[in-house]
Structures are given as structure tokens and as C-alpha cells.
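These notes open a run of structures that come right after.
Each of the two complexes below includes subunit A, the first together with subunit B, the second together with subunit C.
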Partner chain A sequence: MIKSGSFYFSKSHEWLSKDSNNKYRIGISDFAQSELGDVVYISLPETGKTYKKDAKIGEIESVKSVSEIYAPVDLKILSVNSKLNDTPELINQDPKGAGFIAEAEISNDSDVEGLMDENKYKAFAESSHHE
Partner chain B sequence: MNNTEIKKTPLYGEHAKMGAKIVEFAGFYMPLYYKSIIEEHLNVRKNSGIFDISHMGEITIKGKDASSFVDYVFTADVSKIGRGEIVYSLSLNEKGGIIDDVTVFKFSDEEYMAVVNAANTQKDFAWIHHVQNDFQKKGKDVAAQNISDETGLLSVQGPKSRDLIYSLISDAVKTGKCGLFDFKFQPKNIKDLKHFEFGCAMFKDINVEAMISRSGYTGEFGFEIFVPADKTIVLWNYLLQNSNLSNLQPIGLGARDTLRFEAALPLYGHELDETINPYDAGLEKYLSQTKDFIGKDALKNIKNKEKRLIFFKLSGKQIPRHSQRILDENLKPIGCIASGTYSPSNKFPIGSAYISDAGVNLSYLKNFFIDIRGNFEKAEVVSPPFHKNLKTGSN
Partner chain C sequence: MAKFPGIKGIFLDENPLTEQSSKGVSGIGIPDCGLKKSDLRKDGSAYIDSKYIRKNPPALPEVSEPAVVRHFTRLSSWNMCVDTVFYPLGSCTMKYNPKINEKIASLENIKNLHPLTPANLIQPVLKIVDEFNNILCGLTGLAEFSFAPQAGAAGEFAGLKVIKKYFELKGENRKTILVPDSSHGTNPASSVLAGFTPAEIKTGKAGTLDAEELKKFISKDVAGIMITNPNTFGVFEKDIKKIAEIMHKNGSFVYMDGANFNAFLGNVKVSDMGIDLIQLNLHKTFSTPHGGGGPGSGALGVVESLREFLPVPYVKKTAGSNIADINAGKKTSSVDKNSDKKFRGANFVYELSDDRKNSIGKMTPFLCNFAVLIRAYAYLLSLGRDNIGSVSEIAVLNANYVKKKLGKILPGSDPFEEGTCMHECVFSDKSIEESGISTVELAKLLIDYGFHPPTVYFPKNIHGAIMIEPTETESVRTLDNFIKAVRQIKFKTKKSKAVKSPQKTKVGRVNEVLANKQPIFKY
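Right, the complex of A and B next:
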């Protein structure tokens, strides 16, 4: 069962959180932002566009590196967090809140059930820290 | 690298304890940042910062013929500087390509020390050793020694760094033995040192002797502090315990790079390598006109500059990265990025690039682009340094 307000994580460090019905927010994890360091630029996904699971939906650039953002499941972008254009540092400051990336429509909740919950993701992130 | 094992500086444990993000750089595990590259950068520009740069290499050159040796291996007029002075120089291969850029410290006509890039320490020492053997075969008295592993090196940089260092050193001028070094001359008091001079001091409370130079890699007033490797931790912690004297923060290699780049200081592997000669890099002022040095003959045959180093800023937000292409207004490739980064002082992306066709009129480069992963981002030529009154156009 997918619970509203809970966070579900992909192996590529994005999160999804259900707002209502089929509407979800998407962002990157606290672990991902701390690995990236100071975010200075984000290329946001396209509003209205449908992305397949694992498709690239955007790019996050920090002072030292650039990394791609992937769709954790099949989804359609409803709107993007355009505040990130001028204040990309919101991703560092509040990755699961004001630093969310977009709102998306996901038709099958069951797709999200295949992702990791907070506890599983925490263990996953800690293990990937030592790679 | 011959040795594939990644090394640690004496401060590795301290960095880890502070929660630094650790990365491999030049064969060492080094702190990239403690909390934020941007915050660390700005604190060095405004207050002060302390860097662990113990990964850098130190090579001593001693003997009756040390002066003629350093003058032959390095491009600048090294032996002409005074005792207690430092000179920036290059070492070139026989083709005139840049083996490394170094600072050379003079203790006497018979004793020098070169501080070299960490990534090049083994290569430089092998090269210096090779030239030393040639000298010795000719009956000359010179011996080079790699003392990098025994040497801890801290850098304290920023406009307030003097408030920290001046308060923590004893007033007496040290002569004679100074940690790893032996001063056979009377050095200046640390407080009287000018840029590129060095002396010796005792840090109060901890009784650690250190060689201190007025030098750095940030474009700010600052010091570099050489201590025996086993004293590095105690000195690092002592300086940080007194951080209130200068709002001192530990600074990682991320901000070291953004700081040096804003000051337009070259980085080996980016602006410099063995395919680049001193003319390409705009470093001809470090070539002596009056003496012979390795690579000088080859440079005589270089009639035209093959490449030119330019600096630029971007109007967009994407950051240019090393080796991305430069395109002219017709989208024809004309060169590659040497360094690219975000400028914390200006809050926009900046970079340097080598462009071919040396005769190119830079005004012709009014419109040019960086190919950032398929996006053609508009760039503009500027005259560095980037951190003070940046002017557009080329000088």
C-alpha cells in the first residue's frame, strides 16, 4: 500500500511521494544532494511530457560534478518546481521539501511499490557510500 | 602512477572525523569539501581558511653545484634569488613541453627545495634524479632527495590569516635547525616576510617549529607551513582550536580549485602538460633570457604560438568542464576547455580554454560557444583575475 506523505526511493537516488490520487512529487534524496555538494544548476523535465521508467528527465550540476535525474517509474510531468531555476541551492537545503523537482502523474501505484521505503533506502545509501 | 596504492596524508583521520567528503586526487585520499565548496571559498576570500596540502611533493637539491643544477633543470633564474626567497618556475622536457610548474626555495647557493605538484612528484623526482646522474658523471657535486613523505604541509590563506599566524608564533627569529630544515642564514621575522619569502618560527603552546612561507594558491594573502609529518596533526588541531582569531575554516580541494582558478593560477593537467609549451600557456616571463636550461633550444624553434590560453565567462548556468569543445560563431571547433568551474565570487560559470589558430583576433571571438553535452552555451572573453573587478574583453 502506498501511503500519502511517505517517501519511496530508486537505486539512482530519486524519491517519489504521493500527494493525492495519482499525483506524486519527485525529487532527489538527501544522500544524493550531500554526495553532489553545492548544486548550481538544474535542467528540469518538460511539463506535459511522458517518461518511461529509467528515462533521463533532467540534469543536476554541482560545482564539481554533473549527474542525471531518472524517472523512477513510468510517469507524466504535470508541473516543475521553477523556483529551482533561480535558487537551485534549495536542493541542498531541503531536498525532500522545497527542493522537490516536479509533480508527476503516475497511473499505477503498484509501480511505486517496487521502490525502496525509507529504511531500505537508508541501508542501500550507506552501502553505496563505501563503494 | 607506478604505485597503485592510494596514499593518505597525516591528516586523513582528522578529515574523516570532521565528516569531509573524501575523494582520490593525485594518488591521495583528500578532502573535497567539509560542508560546502561555495561557503569554504567565500570564507577564504573574506576571512581565512586552512588547507591540508601535505600531498604536495618536496624535493631537496644540495651540493656545491646545486646552483648550476637548479638553473639547468628549472627555467627561471633560480640561483639569482636571495636566501630565504622563493621563485616560481617551470621544468621542461627537451622538446620544450612543461613537465611541471614548481616553486623553488633557496636556503643557500648549495641548498634548494622544490615544491612540486602531487600528481607529478614521482615523475619530477625521476627526471631530477636522471639529470642529477648526468651531473654526477661529469664530476659535479649535487644530490636530490624526495622528502615528500616526511613533510607535512598546511596552507593558511585569506585576508585575516595574519591575525591567526602572527598571534600564535613566538616573536624570536629562529635560525639553525627548523623542523626538517637547517637555516644557515638569518631569516626575516615572519611578520616582515614579503610575498615569496620564508622564515622559521615556533608555534607557541605546542612548541612546534615550522618553516613558514608567504605564499599560496588562492590569490589572497596567506602562508604555507612546512612541518615534519608527525607534527602535522598537532599543528592542524592547534590552528583550528584558535579559529576564532581569524574565522578560520578547514577548506577542501574543491574550493582550492575554485580559488586558484578565480585568481587565474594554472593547474597542471588543465592549463599545463607536456604537450603545452610556456608560450602557449602565457608563462614566457618565467623563462630566463640569460642562462641555458633544459628545453631552451627547442623553444628557439617555436616561431608562432600554436595555441593561446583564453579566459571566459558564460551567460548561462551550465558549467564548462575540462576537454569540452569551443566553437566559433559558425560552430566550427576552435579549441578545448582547460579548466571550467563555477565562480562563487561572481555566481556565474567561468573557464579557460586553449584555442588553436594563434593569430586569431580575439575580437573575432565576440560570439563563441561551449559545447556542454550538446548544448551550445554562449561565452565571452574576459581578463582575469575573476575575483576582483572583472573586465570583459582581452588584455
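Right, the complex of A and C next:
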């Protein structure tokens, strides 16, 4: 069962969190933002567009490098967090809150169940720091 | 105590020239143009149509000659360059540019060459282009090089266009270019620009592409693969021949990004690996100046079957009794490749030819970036055929020396510890992190020791990557000094100093976020 307000993580370090019905928020994890370093630019996904699992939905540029953001499951982008255009540092400051990337519609909750919960992800992130 | 080059002394402040301008000051005197009043048209214009004549003079700074000389000399003294420091920037071969190259490129009749000079008046120049092409063909085993692409990525783009044209002519619509994640970063972008869709292949632990993994991606939609060898981790693709076989069996091409050609220059012909196309970055491997957006040259070499698609114009060598034939515009017959002997001792004439109906077209206004080409040609001739192989031998030796020695200082940080590397080695930040130093801090600290930083945070799949390419020109003394500096940084540097470094340069640590988001642009 997917719980509203809980976070579910992908191996490529995105999170999903359910708001209501089929509506989810998507963002990148605290671990991901700390690995990236200061974010200076973000290329947001396209509103209204449907993305398949693992498809590239956007890009984050930090002082270190440019990294891709992937769709953790099949989803449709409902709206994007356009505040990130001017203040991408929100991703560093509050990756799971004000630094969310977009709102998406996900038709199958069961897709999200295949992702990692908070504890599993924590262990995964620690092991992937120096794999 | 190691003596590091260090940074000490005076850095002079310098403002943009526009801020130093005083009305009426001039550094040069321009002689009278010789036009008489009677030469002018009624509206005051001479040979230039009045609509092209500016209403107001351009806002050029008005400064004296010494002001200009000091300006640029001062700015250059703030810089770290290959003429002043060890420059081990990985993945991009920043090698020393021998001064003989500059000497040859500065010869009056080369330096003052006008790009519109007719072919009959620049026969020796065209001969140089032709001979340089022959040398590159000899080094690679390929059939012909085009010098139209003026940068590495332009070479990739041209190569992909050639592949596209080949399939168009065959009536096939292949859309996919395979790009391993270990290939050069520009490869996927070039594929998209040339109208293909790149498909990324994940590489194995050693960063190499597995032939079995490749097979999963093979279909009749695959036009080719772009592979960088040695790959971006500095590891040689051992399966390269198998990879080429798989591709060729599918009727697809193997494009090799020549960015890392310095690893085997003069020792291995790419044709023996089954490569169909390669771009050679003259500004990397062939010691012409590098960076600052140009000038560069990404000479594109192809196998025989793709020659007809190369850009125009190209230098066409023809046997003719004398140059007057060309002057008179007489048609001369092309030289049969196998009949070279017949013409030995005969005069050859060189034309700039557009005669290639399946060409991908024109890429540049003129033939090539000749000032770059002549430097590369001088480099090769000054080394000589028998010595050219030692370039890559020493480059690889130097990289392995650094790999082994630094590996001891940075235990657990070499992802490819077991094997040897090619021309560059890479470390993660595992060991320096234990000393409380981050990769970026190591890079900045090295500046204060008088070394240009290595490439950092690339390749991305190595944590906090530090990528070092020493190149062949560096002595053991320099390498030891660099290694000692890393040791000192790791064991003796306090965090409080690391976060503030570099401290000895003209411009200290900049706020990278602000520099990205709100750059101050002055000119």
C-alpha cells in the first residue's frame, strides 16, 4: 500500500511522494543533491508529457557536472516547479520539500510499490557512495 | 623538501581596455589610403556601397601600443598554461606545443597566405595538405582525411553525416547510433545533430564495452557505433575487433572518436581494429594550440568506401605536364592510385576540387584551418617516422608511473587498480576524503603548488573523479614533484586552508554558484 506523504526512491536517486488520488510529487533525494553539490541550473520536464519508466525527464547542472533526471515509473507530468528556474538552489536547501521538481499523474500505484522505501534507500545510498 | 614550482611574486591589476580609453590616443598610424576626391561617388562612398558604411565609428578603445602590450602580457601572467606549469588535464590531451611548430607557421609565405589565392599560385601549400593527408593515412590505415571539420565535435558531425549519406544512397533509413557510456561526451550530441537517435550502452566494471552486451542492441536500424578507444576511463577496449566484426556483419559502421589517439599514435593502425571513420584532433594529439574555442581541427578520416562522401573542396592531385595546364583551365586526368610509378618524376598539379557528387557538401568557407594543419605537419616531420611511436609509448609510461605511485598515496581509490592504464589514469576521492579533503579542494590546492589541476568529477561514474593525463613531454622529475604535492596535500593540509585555496593566485577562490548564475561580463 502506498501511503500519502511517504517517500519512495529509485536507484537513480529520484523520489516520489503521493499527494492524493493518482497525483504524485517527484524530486531528487537529499543524498543526490549532496553528491551533486551546488545546483546552478535545471532543465524541467515538459508539462502534459507522458514519460516511460527510465526515460530522461530533465537535467540538473551543478558546479561539478550535468546529471540526468529519470522517470522512476511510467508517469505523466501535470505541472512543474517553475520556481526552480530562478532559484535552483531550492534543490540543495529542501530537496524533499520546496525543491520538488514536478507533479505527476501515475496510474498504477503498484509501479511505485516496486521502489525503495526510506530505510531501504538509505542503505542503498550509503553503499553507492563508494561502490 | 620538494621544491614545487609554487606561485609567488607580483600580479599586476589590469582593467578592460575599454576602460583605459582616452580620446585621440592611437597605437598605430594608418597610411593614407591613396584615394583621391575624384575617386569618390557623389554620396562620399568609394568602393563600398553607402548602405554598408557605418554612421558612427565603432566604439574601439583608444589606447597606446605599450598599453595594449602590457594589457595582454599582464592578463597572460594571471593564466596557468602549458608553457608555465605541468598541465595534467585528463580526457583532453593538453600537450606541450613545440616552438618549432610556431616557427614554421610564422614563415612569411605561410602566415600571409590569403584564403582566396588561386590554386595555381599556392601549389606548395596544397602539396603540404596532400602530404599531411598521406601521413595521417599512413598512421591510421584509412584512405583519406578531410580537413574541413574545424573541431573534434565538427569531425564527429561530419563523420555521422557521411554515414547518413551512405545509407541514404543505399535506400536504407537507419536511425540509431550506439554510444557506450564510456565514450566521449560529445558523441551523443553529435548523433542528434546529424539526425540520428543515440542509444546508450552501459559498460562493465572495467569501463569497457562487452561484445555480448553490444549484441543485444543490434538491429537493422543501427547505422553505427561511436566508440572512444582507449575509452574515457583510459582503458583500452580489448573487444574492439569483435565489436567491429559484429557491427560490420550488420552492415553498420564503426566510428572512433580520436580524442584519445595519443595513447597509441604510431603503434597501432585504427584500420587494424576495424575502424571505418575517425576524427583526429590536431589540437590534442598533434600538438597544435588547444582551447579557448579554437582554432582547432578535427580531421576526419574514412575507409575507401566512404571517400566519395567527404566534404568539398578537397585537394586533388593530378599528373600534369605543367602548371600552365591548370592556368589554362584544361582538364587533366585523375591519377590512378596504382599508376603512381608511371608518374614518378613527373609534375603533379594540385587542385581545389568540388568534383565529388555524393559529398556531404561544404563545411567551411575555405579548405581548412591551414594554420593548425601546418603546425601539426611540422610536429610530425620534426619527430620523424621512426620516432612518432615513442610519443604514445612515453605517454602511456608516464600515466602508469603516476597511476602506480599515486595509487600508493591514495589507497583504495584506483577503480582499475589491477591492470595498467593507457595514456591517462583516474582516481576516486575515497582516500583524500578520509583526510577531509574533497576533489575540488585538491584541485584548487594544486594550483598553489604550481600545478594545473587534473580533470575533476569526470568520468561521472567514478566518485569524485580525479583524472590525470601527464602526456609524453613530462620528465620523471616533474611527475615526482606533482606526486609529492598530492602527498603533502593529503597528509598535511588543514581543512581551513583547503576551503580557501587557491590563495596565491591573482584571483582566489571564486563563488562557483554566483559565477555560474550571475557572471560579471566585461570586455
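General remarks:
Rule of thumb we're sticking to: the second predicted complex is superposed on the first by the 131 of 131 C-alpha atoms of A that agree within 3 Å, B and C clash if a C-alpha of one lies under 4 Å from a C-alpha of the other, contacts with A are read in each partner's own complex, and residues count from 1 in each chain.
Going forward, a contact is a pair of C-beta atoms (placed from the backbone, for glycine too) under 8 Å apart; a residue touches a chain by one contact, two chains touch by 3 or more.
Since the model is a prediction, treat every value here as computed from it, not as a measurement.
When both complexes are superposed on subunit A, subunit B and subunit C clash. Contact with both subunit B and subunit C is seen for A:64 once the two complexes are overlaid on the shared chain. In the superposition on chain A, A:74 contacts neither subunit B nor subunit C.
When the shared chain is aligned, no partner comes close enough to touch A:105: not subunit B, not subunit C.
In the superposition on chain A, A:38 makes contact with both subunit B and subunit C. With the complexes overlaid on chain A C-alpha atoms, the stretch of subunit C that clashes with subunit B is 99-107, out of 99-107, 135-143, 171-179 or 351-359. The intersection of subunit A residues touching subunit B with those touching subunit C, taken from the two complexes, comprises 37-38, 40-41, 61, 63-64. Taken in their complex, subunit A has these residues touching subunit B: 34-35, 37-38, 40-41, 43, 59, 61, 63-64, 66, 88, 92. Note for the complex: subunit C touches subunit A at residues 428, 430, 440, 456-458, 460, 463, 512-513, 516-517. Subunit A contributes residues 37-38, 40-41, 61, 63-65, 67, 89, 129-131 to its touches with subunit C in the complex. Against subunit A, the residues of subunit B that register as touching in their complex are 21, 32-33, 36-39, 254, 258, 317-319, 321, 341-342, 344, 349, 373.
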